[in-house]
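Letters are used for the chains, namely A, B, C, D and E, taken in the order the chains are written, and counting of residues starts over at 1 for each.
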């Protein structure tokens, strides 16, 4: 037998001035199942709570309804009070008679009548409430970071410094990512390697960090606190534990015509190589497409010269499986392909390059040792023209609809560095808008114009063509309303950036949502910007949206804070208001899993009795309460009504509807 | 004359389903901003608009509600990421279908109301109540089938 | 094989050599160009105004005829190709234009863009095949030749889908097939300005000189085109920088079918 | 049709004999030529004695596979074009294990509706022969000729379906291609006023006797236990007079199968009260097609339905009425 | 017609959405007739956006636009400046006595080599 207690709050005069609280309490007394009904000035006060607790004990209440302010205000308070009195906290319902009643109505009779209905509705619901227990799930105190660029490195260091084990999985042979390819960084112009490589070394030396380079995530199972991840360790044909990074193999390798991808293909490298001098791990890798031994079986020179016997042509991909409590995705970006932008002649002219290629051309460790020479003839370019927004903000289908965010700043950087180092060079920049929000950013850009005399032209380039050995850049100057053609020696395209394509696979494995541009979606654009909607998965760097290094590092540290906050817990308390299928009704049709944004639903084959001593095996849905967030999307999609939501069950809502409509 | 007065006095029963994160909070804001709307609007709190089963809407009508309105986070702002996108499809089909059955289309509505849109919540409710009041009582779904002797 | 063919106004008169050589070559390559009945001039320029219907009807008539005669419509003149292809796209995708045009024409069965519009060059590439042309060449053209695409064949690329609008290769491939050396130059896809000749005679001069100078700078000995208007403009206004011919003239020469 | 029947019989017997399949789902002779019923045959003898395939085999056999395919051994089934969509849909929803079924696609050429024939005054039918559009009916009183389009099942009148799945096929006669607008009746209703539509449906639904034939035959209604029998759903009939459940049964059912209904038309075929139930489902199909792009349930055996997916720019519910977006 | 209606007409006739323009100027950067255009391609878009149609209807540029579609091809936002130019030209030539070419002007400039298509297209573009 249900024993419901009702408590009507005055909220001082906030409710009592418009709602006749005594009348409400009195009227409700006669509701079936109600054994206690009281009103009080401030239910949320210490005394009010005491009154509730006392009533629960004295009257053996099985459920309580509080007519008061919004549940968003004090639901937690009243639940706690109920729990302290020995009543399950989920046997509490709130009738919102303040925000939804007294505050919006003026007529006392009308408001009182509505308050009664709202309380009745809450009673109807609470009668169907079931005591719920918040579940618990264990937390594995180890984090996985996917991607070893600056975002992954920063996140890993912060997590490891807090005392947790971290694995970095990097698909390339070294960590460092895009930042390792950069020359200088804005807005302070420090050398990228000088600030990045110490962090890379920290990672390598940190006792809590394990770097799995040349590896990829192959499969992910589990959920927040308890992921199980299978990692493919690609064969690098060099024993990582033996190689000392002496580079003798690189010298001796006879196959030297591979494109140096680290240098954006601007020069060549041998088939066995270490991507760059400060690579971590400082271990060689063999490109099987290029290696003569691996292709033809003849050669083996590197093996002969290797002093420590690290070369192993027989090496195969291996797999490791590890458990993690949290996962950080930091897969980064790449510049877009420029095939759809032939008007800039990128494919036809060696001296039309991308900004990332320029970084390598200007870098002391680059193909020209830091001397800016143009690729076609190794001459110093005297006129350099930059073109902004190549493929960014493009809705024609050729490029990307978004702003790539970093180009304005790095172009100002490039322009300034060139003018600084080669004052006789003329530098032009065609721009649509110069976007420099950020601390010291606009000042930086203005310095390029005012101190370094960079020629910024508001307008866009329509055509780049080669005439008599010169690159003719024809574009508009909108401020002067003219069409100009600039004879240039080098043209630099600020190509749009896009998420590293491998992110799609990672997102699928993690059931993390991804937008139409392949950026991972955050849980809330404003308030949960580093969390993926999938619990336990966090986002750092450009995989979530275009951003520069300072922002990336901030986001990575934010991620780390979130991960640490998760890993310090021994167990996770789970929201008990989650979906729960009735296995006897479930068809295993998969409709519910199709709409679950969190991947909380899986299917299992289960044996059921079907009468007559017989059993049958049926596929039924299984909700992981640690992953389910309780939205209820699945409940509606379930054809048999097998899926229901605890705390908001179909019957509860139906009874609320009935109570409201009762005339 | 008689009829006109009667129509004026008709106060429709309105059931409003509001998602906890946006629209319910929007309704709270309407309250704390003292923005009035008729008392015949009663709100049912659901975690997400996608929890609203079309059966709830049908139940409301069958039990004598004169109008049913669903409120959720704006598309793209769903607390549960994608919930309201499913709501949008379900309700588009349900509302269209109810109209196909002959239920006045003015009795059903879906509005996206954020937690900041207290004023909008109140305006939407005022408008909806007015719209439903003009239609008069809902009888079609309370007795879809011909009663004996009719 | 037979294919419905739309010659267009200029090919019957001033550009007769384009038409004649094209027919001869096609025949030599096993394609019979069957001139469609009662064709009317396409208007020589595609009317972009969204309310233009009457001006598109002659193109639709030709398209409808081809629909019932093999399903393909072969064009040769760049302007005709541009007008007919874009009109066809309207009939396919623009419901408003399609229904209004059909209201005018009162065909037995409404025309909805079913016909495939094929330029002679596309026919050479996709139907005959450049490899087969190579085999049929008896008299390889051993010259450096600049392809002049102009604007009409390529743009708007979304509709024309002829070739990469900035870096086309079909005529270069053609030149290679007949034994020549293609010369790629930056102005091959830039408009020669001929359309405004009657309003502004200076502009076409400047533009055609620029085109030919650019071709010459990159080493071309002659320039070929598919457009009678371009040919006229480059010849008359191009300052005689380079000789200009129809691409079919060279094809005829290579195949040894010169009349 | 006789030639097709013979071929089917021959194949089924061979499959049973070789042990390739343990049973064959087909149609069994009834008392008359026009009342064959779905049946499972486990031996050559059973086949020879009872198997039939004629102009009245309209029943969709897919749904029987839910139970039959669970049994030991492979099950062979004869599927007409429209039945294959239901089959795929059931495979998609994991209700049938595809591996356990051997699908024999059989030709259809539309099936006849004996009720419609009777309405034309033809009774005591003993045999039927169809030549093109002529239906030659032998009755106890002699031979009569009916115009085929007048007497085919409603579902066949607008059918353009083709086999979506098969392990082998028995097709001896090609069905001529044709263009039909299956939404014509829906459009007619949409063109009415709200009052007229309400009157129409009220009249139709008032005829319902809640016999559950529609639910039992519907291949989309494949639930282990129906929502109407689920006490937790809040809609289960507690007593026979439960108003909500009784009033809204068909609306709820239509919504439940939306995006999954293959438009097989079985609901209307079996309704003893001749309620045009398919017009409910077809409205959902039409709206889905217009709002979210053409979708035919059962064309594929995996993937999501229009109601379990979305796009960011979907039409707002307030803007959708009468199958059109504002 | 009110000004708003005339603006609306031009928008409809052009079939392009000028509000999509992000003012990058790529159209004008590419236009081969730029120097001969008194109103530049990007200005056509911008001026229609801002409702400056009287100036548009009086400009010379509509006679010099080559309709070569270079601006359409390269617009990153899917705007078609050439369609705006044509809409303005159509509007002008449809007005009484505003034909761009008068029959009597033709013979002196026609040489015997001129292809028909030039005359046909000129009539179609400039006259109504």
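Everything below uses one rule, namely that a contact is a pair of C-beta atoms (placed from the backbone, for glycine too) under 8 Å apart; a residue touches a chain by one contact, two chains touch by 3 or more.
Since we're looking at a predicted model, the values are computed, not measured.
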Partner chains that chain B and chain E have in common: A
Chain with minimal offset from the mean of all protein Cα atoms: A
Longest centre-to-centre distance from chain A, chain (CA-based): C
Per Cα centroids, the chain farthest from chain D: E
Which of A-D and C-E has more C-beta pairs touching across its chains: C-E
Rounded Å distance between chain A and chain C, as computed from the means of their C-alpha atoms: 51
Inter-centroid spacing, chain B versus chain A (mean Cα positions, whole Å): 36
Separation of chain A from chain E, taking each centre as the mean of its C-alpha atoms, in whole Å: 48
Whole-Å separation of chain centres (CA-atom averages), chain B against chain C: 61
Two or more partner chains touched - positions in chain D: 233-235, 307-308
Multi-partner residues of chain C (each touching 2 or more other chains): 165
Where chain A touches two or more other chains, by residue: 343, 463, 595, 637, 650, 653-654
All pairs of touching chains, each written as two labels joined by a dash: A-B, A-C, A-D, A-E, B-D, C-E
Touch list for chain B against partner chain A, complex: 13, 15, 20, 24-25, 27-28, 30-32, 34-37, 39-40, 42-48, 50-56, 59-60, 63-65, 77, 79-83, 86, 90, 122
For the chain A and chain C complex, residues of the former touching the latter: 341-343, 345, 347-348, 463, 465-468, 472
Chain D residues within the chain B interface of the complex: 186, 189-190, 194-203, 205-206, 208, 233-235, 243-244, 246-248, 251-252, 254-255, 258, 280, 283-284, 287-288, 291-292, 306-308, 310-312, 314-318, 320-323
Chain C - residues contacting chain E, complex: 8-10, 13-15, 41, 43-45, 47-52, 55, 77, 79, 151, 154-157, 165, 190-191, 193-203, 207, 228-229, 232, 235-236
Chain A - residues contacting chain D, complex: 582, 584-591, 594-595, 603, 616, 618-619, 637, 639-642, 644, 649-651, 653-655
